[in-house]
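As written, the chains take the letters A, B, C and D, and residue 1 is the first residue of each chain.
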């Protein structure tokens, strides 16, 4: 019973993430697309937690932790500017 | 054969084909680098699908170890390719 | 074959993977391609989780979603002139390419079906699980990587070193980044601390749970990248000879252990009984450092500033 | 009982995730879209973490989940700020 509920929740969550990814497809700006990646990052953390419960793999929570940490690295890589050429 | 294995096996094959085709026909170097990566991901997916044994079963660890080394090799090869591309574009500028 | 909700999830994941790959590779906007590729990497991490491969999910979360994304986003800044290298494909060659693709697809399918259906019950997996107790660790993936197939991992580190040497040979690194604002400065401080802590945890956990040198190395590399993005020009990556030693540490630890084993009348890379766990941890620590600094260097896209100076020091003038 | 309560929390979280996705699609401009993302999704994840903690029924796991949620909140807040200021500077330059 709980398993079916959780699995349904996983499917619904996945569908909302797919909806959010349309923004990565249509843009228009690079920042818009990056927002979509951030959404997928947060949603991915949620999905990993749900999968961890469903499949009974505790290490998937560690994976969620790593995903959360690395999402910020990508955002920083996008926005940092290099020092001007002399 | 388990249905999940079949689904991801076919997906792996298709990813490999999509990536290979783009790597051959695209002119942009960056697009080619992406294509080779996707092609490699297809092979990884097929390997992990082979290792899968079912919802409750522990999967085969050997393909997992292979793919783990593969992921690291793929990222280092990508980095080398990107550095080469940068050098190439700079050479075109001169 | 019973169809369940799980198969629906599998099918959705598969379709989205294919859709993302297709749209990342079609269209001429490279920025769109790179962002969709990052989404593809994130999704792949979820697929590994679904296929019960948490070791891979961890590595992909660090590398596919973070490091390669950062690498590719930076590569977008190097302008690419279109039309310079247009490839005109003659029809005959197109036909040949199509035939080649069909041939490859057929062999791929054949290999796959053979691998999944052939030799039921008599697989390497049984051998790996059977010998797990003697391997020194209880995580089967780590046992395969560092014990049963240690040769593969040694050669993999050699490939990594070769790629790093290639990058070092290509000239100087990118220009450094601007000094960060207050907010980013704070982010850099706490995120590098956390990354190093989680890396340490994963290295230690790798013996009995998903984790190990590869995942920990990728996280340390992310810490180095974060320091660089924060405008630090020398922190994180030691210039001078120390960096050379660190880059070769993984291979050195492997070779040393391997040759020491031969002195004890064992085969190359065969661990003495009862000492496997400790030796694996030592090799893994060295491998982690090599992987971290190799990937960190890869991110710079060239040799770090000061590299030339330190390399001419040793050579006779 | 706790399982059911946990499942309720998780179902409630879905509403927030859906709001985040729809907001990302429908709101005009980068800066408006940031709202949808950082607010709705973080609340959604919070509810999901509570639900998962209840179902998991393990204190250590619950603490780990809480840590993940805190990390996501701080990281996404800073990422959103970085993207917003980057978008602003782009607007000035062009």
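Rule of thumb we're sticking to: contacts are C-beta pairs under 8 Å (C-beta built on N, C-alpha and C of every residue); 3 or more make two chains touch, one makes a residue touch a chain.
Predicted, not measured: the structure shown is a model, and the values here were computed from it.
Peer 1: Can you tell me which chain lies farthest from chain B, using the average of the Cα atoms as each chain's centre?
Peer 2: Result for max centroid distance from chain B is chain D.
Peer 1: Select, from all pairs of chains, the pair with the highest number of C-beta pairs in contact.
Peer 2: Result of the pairwise contact count: B-C comes out on top.
Peer 1: Distance-wise, how many Å sit between the C-alpha centres of chain C and chain D, to the nearest whole number?
Peer 2: 28
Peer 1: Measure off the straight-line distance from the CA centroid of chain A to the CA centroid of chain B, and report it in whole Å.
Peer 2: Between these chains, centre-to-centre, one finds 20 Å.
Peer 1: Based only on mean CA positions, could you tell me how far chain A sits from chain D in angstrom?
Peer 2: Using C-alpha averages as centres, the distance is 10 Å.
Peer 1: Can you pull out the residues of chain A that are in contact with at least two other chains?
Peer 2: In chain A, 34, 36, 41, 52, 55, 58, 65, 69, 71-72, 76, 78 touch at least two other chains.
Peer 1: What are the residue numbers in chain B that touch two or more other chains?
Peer 2: 55, in rising order.
Peer 1: Among all residues of chain C, which ones touch two or more of the remaining chains?
Peer 2: Only 6, 52, 67, 184, 187, 191, 194 qualify.
Peer 1: What are all the chain pairs that meet the touch criterion?
Peer 2: A-C, A-D, B-C, C-D
Peer 1: Tell me, which parts of chain C touch chain D in their complex?
Peer 2: Chain C residues touching chain D: 183-184, 186-187, 190-191, 194.
Peer 1: Which of the residues in chain C come into contact with chain A in the complex?
Peer 2: 5-6, 8-9, 12-13, 16, 20, 23, 31-32, 35-36, 38-39, 42-43, 45-46, 49-50, 52, 54, 57-58, 61-62, 65-67, 69-70, 73-74, 77, 174-178, 180, 184, 187-188, 191, 194-195, 198, 202, 205, 209-211, 215, 219, 222, 225-226, 229-231
Peer 1: Please give the residue numbers of chain A that touch chain D in the complex, ascending.
Peer 2: Against chain D, the touching part of chain A is residues 2, 5-6, 9, 12-13, 16-17, 19-20, 22-23, 29, 31-32, 34-36, 38-39, 41-43, 45-46, 49-50, 52-53, 58, 61, 64-65, 68-69, 71-72, 75-76, 78-79.
Peer 1: Would you mind writing out the residues of chain C in touch with chain B in their complex?
Peer 2: For this pair, the touching residues of chain C are 1, 3, 6-7, 10-11, 14, 17-18, 21-22, 24-25, 28, 30, 33-34, 37, 40, 44, 47-48, 51-53, 55-56, 59-60, 63-64, 67-68, 71-72, 75-76, 78-82, 84-87, 89, 97, 101, 104-105, 108-109, 112, 115-117, 123-125, 128-129, 140-141, 143-145, 149, 152-153, 156, 159-160, 163-164, 166-167, 170-171, 214, 217-218, 291, 294-295, 298-299, 301-302.
Peer 1: Would you tell me which residues of chain B are touching chain C in their complex?
Peer 2: Touch residues, chain B against chain C: 1, 3-5, 7-22, 24-31, 34-35, 37-38, 41, 44-46, 48-52, 55, 58-62, 64-69, 71-73, 75-80, 82-87, 89, 92.
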